[in-house]
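Scrolling down, you'll hit the structures one after another.
In what comes next, subunit A is part of two complexes: it sits with subunit B in the first one and with subunit C in the second one.
Up next, the complex of A and B:
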């Protein structure tokens, strides 16, 4: 394995990859906001006492969660414009990521909601609180803090899936790397640096999430 | 809806998807066990080397790993076929996640089991093989099933390195304009979903079988 690494070129490439990384982080941020809001909606609908609501929700979640994000991404990117819905590649990517990960966060919320003692629900009924008040003032404030570390793990997982957006022309960090690879043929440098940028972010963040978990576990 | 030759193209793709998934699952399972046990080793060097493997593969994207192995390795003088690159990457990736599953499950087996096995004069290998691992395996199965589904989903990535799996065939038909895009993609999503349901079913069966005679798991109530 004798390969001469082109250091000069690697240094020139670095700013481009950083630009890509910014796009990756943007997509992750918007994606997680969508995933966390939509996930909560999924979790609440799934708990509905009306079976016509809870049952289809459960199947939709199951379907989205067990099929490839890549195919869902293609589906949105190629199919939606045929129905007159035009979004740029970045928005399409964020929507696909957000919806896909909402199915995961909904499971996380569900475990948090199930962890709220039954007595809390009963007390809310006894106090004659409306459904909305019960959810927003009693159940969710107790359910959400517990699940924050788990949501953090999905944030990291989602960050690692953003490079899929490169397949629909988004110039994220992998998109930049791939462009450099085809332009100059220095693929070893390009892809190695892309990989290292991922490690540079995901390892410290998983350490952070672990600390958060330990801290929450210590609290009663 | 679709003509027979289109169906055949998709079924060929489905077959490639199944092959890649099965090969990667085999490799991933072996690596999960090796890496999980390495994580429990009393030698610091082994634990450390294992942690490097786990962190690299869990810390980066599967798609980046795949591109690295497929596009960068040949420049370093190692040439492998797309199929090899595909299932090796996916297997390595799955192994890094499975490692934690195996390690956690083995550690959750009550200590008394190890002590009893030592008292019965079993060798460390027999202890692991006949006493600890069979009990840990039951606890591993549900998260292992999830890993298999994640693997199936990740297998769609191999379409990006020219392997003609289900996603690749659908893309080809889309580009040729031989079938309507919404129909094509809906169809392959349903196919993936069916495969996922099949995996879930198989894992449940395995769970029932492995937990026979044990006090935990699905098959527990049926026996004893």
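Up next, the complex of A and C:
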């Protein structure tokens, strides 16, 4: 079976898909900012010596990680409004992505934090540094640079999951592609181009992350 | 001090010389202090007193609990029983309505200010220069301005013979240099009590001398109370006002260095010293 690609249609379609791509990149950017900040908070709370803090945090992380992102997305978008919490589709998508991925980034931070030798904590105690100063000026400056490549990998993974947002009416790049497909029937062109756009961003990003990893490995 | 012959004669800028002068009675007091790791009793109802300005050297076989004494004082290990006092204040307890209750974090932090510690493995902050390692806590904890803290740090690094290394990160320093930065860092907090936990054990033999030189200088020229855990017997004999032989969580015997090293009363002390001195 052969198929004649409609090149002209593809060219016409391109601007719409680019609009969608912008939405995808925006969702990724906001999502990763939320994931990285909330993940750090999770990681620190989980290490708390107060069990009333560390246990619930561990439980929340486990709960979020053990349920599919798509289900969380539907809960946020279709169920929460019935209880009065209404957010627009894009915000809902960013929150779902950010919170979901925060559970993964918290694990990444945890490994970085555990990699800081115990002697660093002990020196901080001996110098009478406050808890906040110990975290912000001693532990995290050593823990975070090590885990940046791992965070980068989650950034790319999250980017590739943004199309899930199309299911809650966000016109991301897949949403635009699907709209075009329904409108004109030229689905091969639409979805192929969507895939190509993802490749065009994912591959250079992966190369960048690998370079970061290599540079970090070279450092003492 | 092979690379800095003028250090032993210089008084460490007078900044620590005053500490401890106004203290009455014991500066450090342990009463019935017990510390266990699982079934292993590392401190067994330990009673101990150290006078202001006294230099106490703690010796004993490894695993005997001698390092734990320092770690309990630094609040790195919490004892299961007993009380610890530093400069007249309880470390793990505070008075409330005439009763001794477990101390709040705030109280612990306040009393802990009087103590500083130098570790076997230096524990310098690798992401900071030598100067920042020393200046950081005085700024953050003692509230010094950046200029004041840097000045204090520069002076102290000079005292330990590292004036030319202020801008270096620890990764570019030798073990002996790292340990001298760590000593300067501890001194910068102007403690009443300094703890030295096997500070030469992780060093290459040829670097031990420069660190001992700094310690000797501190012992002779300051009135800080010093507690040292060490395996350097010659050094212990030279600078100690008192030597404590420690084994199995208890003080086996203690006394002036001449007595412990020349005329030990206990068989365990004799065995330990013979083993250590034979090896050396």
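The rule we apply is simple: the second predicted complex is superposed on the first by the 220 of 220 C-alpha atoms of A that agree within 3 Å, B and C clash if a C-alpha of one lies under 4 Å from a C-alpha of the other, contacts with A are read in each partner's own complex, and residues count from 1 in each chain.
Here is the rule we use: a contact is a pair of C-beta atoms (placed from the backbone, for glycine too) under 8 Å apart; a residue touches a chain by one contact, two chains touch by 3 or more.
What you see is a predicted model; the values in this text were computed from it and never measured.
Once the complexes are laid over each other on subunit A, subunit B and subunit C both fit without any clash. In the superposition on chain A, A:210 makes contact with neither subunit B nor subunit C. Of the two partner chains placed by the overlay, only subunit B lies in contact with A:67; subunit C stays clear of it. Put subunit B and subunit C next to each other and count what each touches on subunit A; the higher total goes to B.
Once chain A of one complex is fitted onto chain A of the other, the partner contacts of A:11 are absent, as it touches neither subunit B nor subunit C.
Seen from the C-alpha centre of subunit A, the directions to the centres of subunit B and subunit C diverge by 100°, a value given as a multiple of 10 for the model superposed on chain A.
In the superposed pair of complexes, A:138 makes contact with subunit C only, with no contact to subunit B.
Using the contact criterion defined above for the overlaid structures, shared-chain residue A:125 touches subunit C, although it does not reach subunit B.
By the touch criterion stated above, A:181 is placed in contact with subunit B alone, subunit C being left untouched. In the superposed model, A:79 lies in contact with subunit B only, and not with subunit C. Here's the short version: in the overlay, subunit B gets within 23 Å of subunit C at its closest Cα pair.
When the two complexes are laid over each other on chain A, subunit A has no residue in contact with both subunit B and subunit C. Looking at the complex, you find that subunit C touches subunit A at residues 74-76, 109, 112-113, 115-117, 119, 121-127, 136-137, 140-141, 171, 185-186, 189. Put simply, subunit A touches subunit C in their complex at residues 117, 119-120, 122-123, 125-130, 133, 137-138, 141-142, 220.
Residue ranges of subunit B in contact with subunit A, taken from their complex: 55-56, 58-65, 67-68, 71-72, 75-78, 149, 152-157, 159-160, 167, 170-171, 174, 181-182, 185-186, 188-189, 192-193, 196-197. By the touch criterion stated above, subunit A contacts subunit B in their complex at residues 1-3, 63, 65-72, 74-75, 78-79, 82, 160-164, 166-167, 174, 177-178, 181, 187-188, 191-192, 194-195, 198-199, 202-203, 206.
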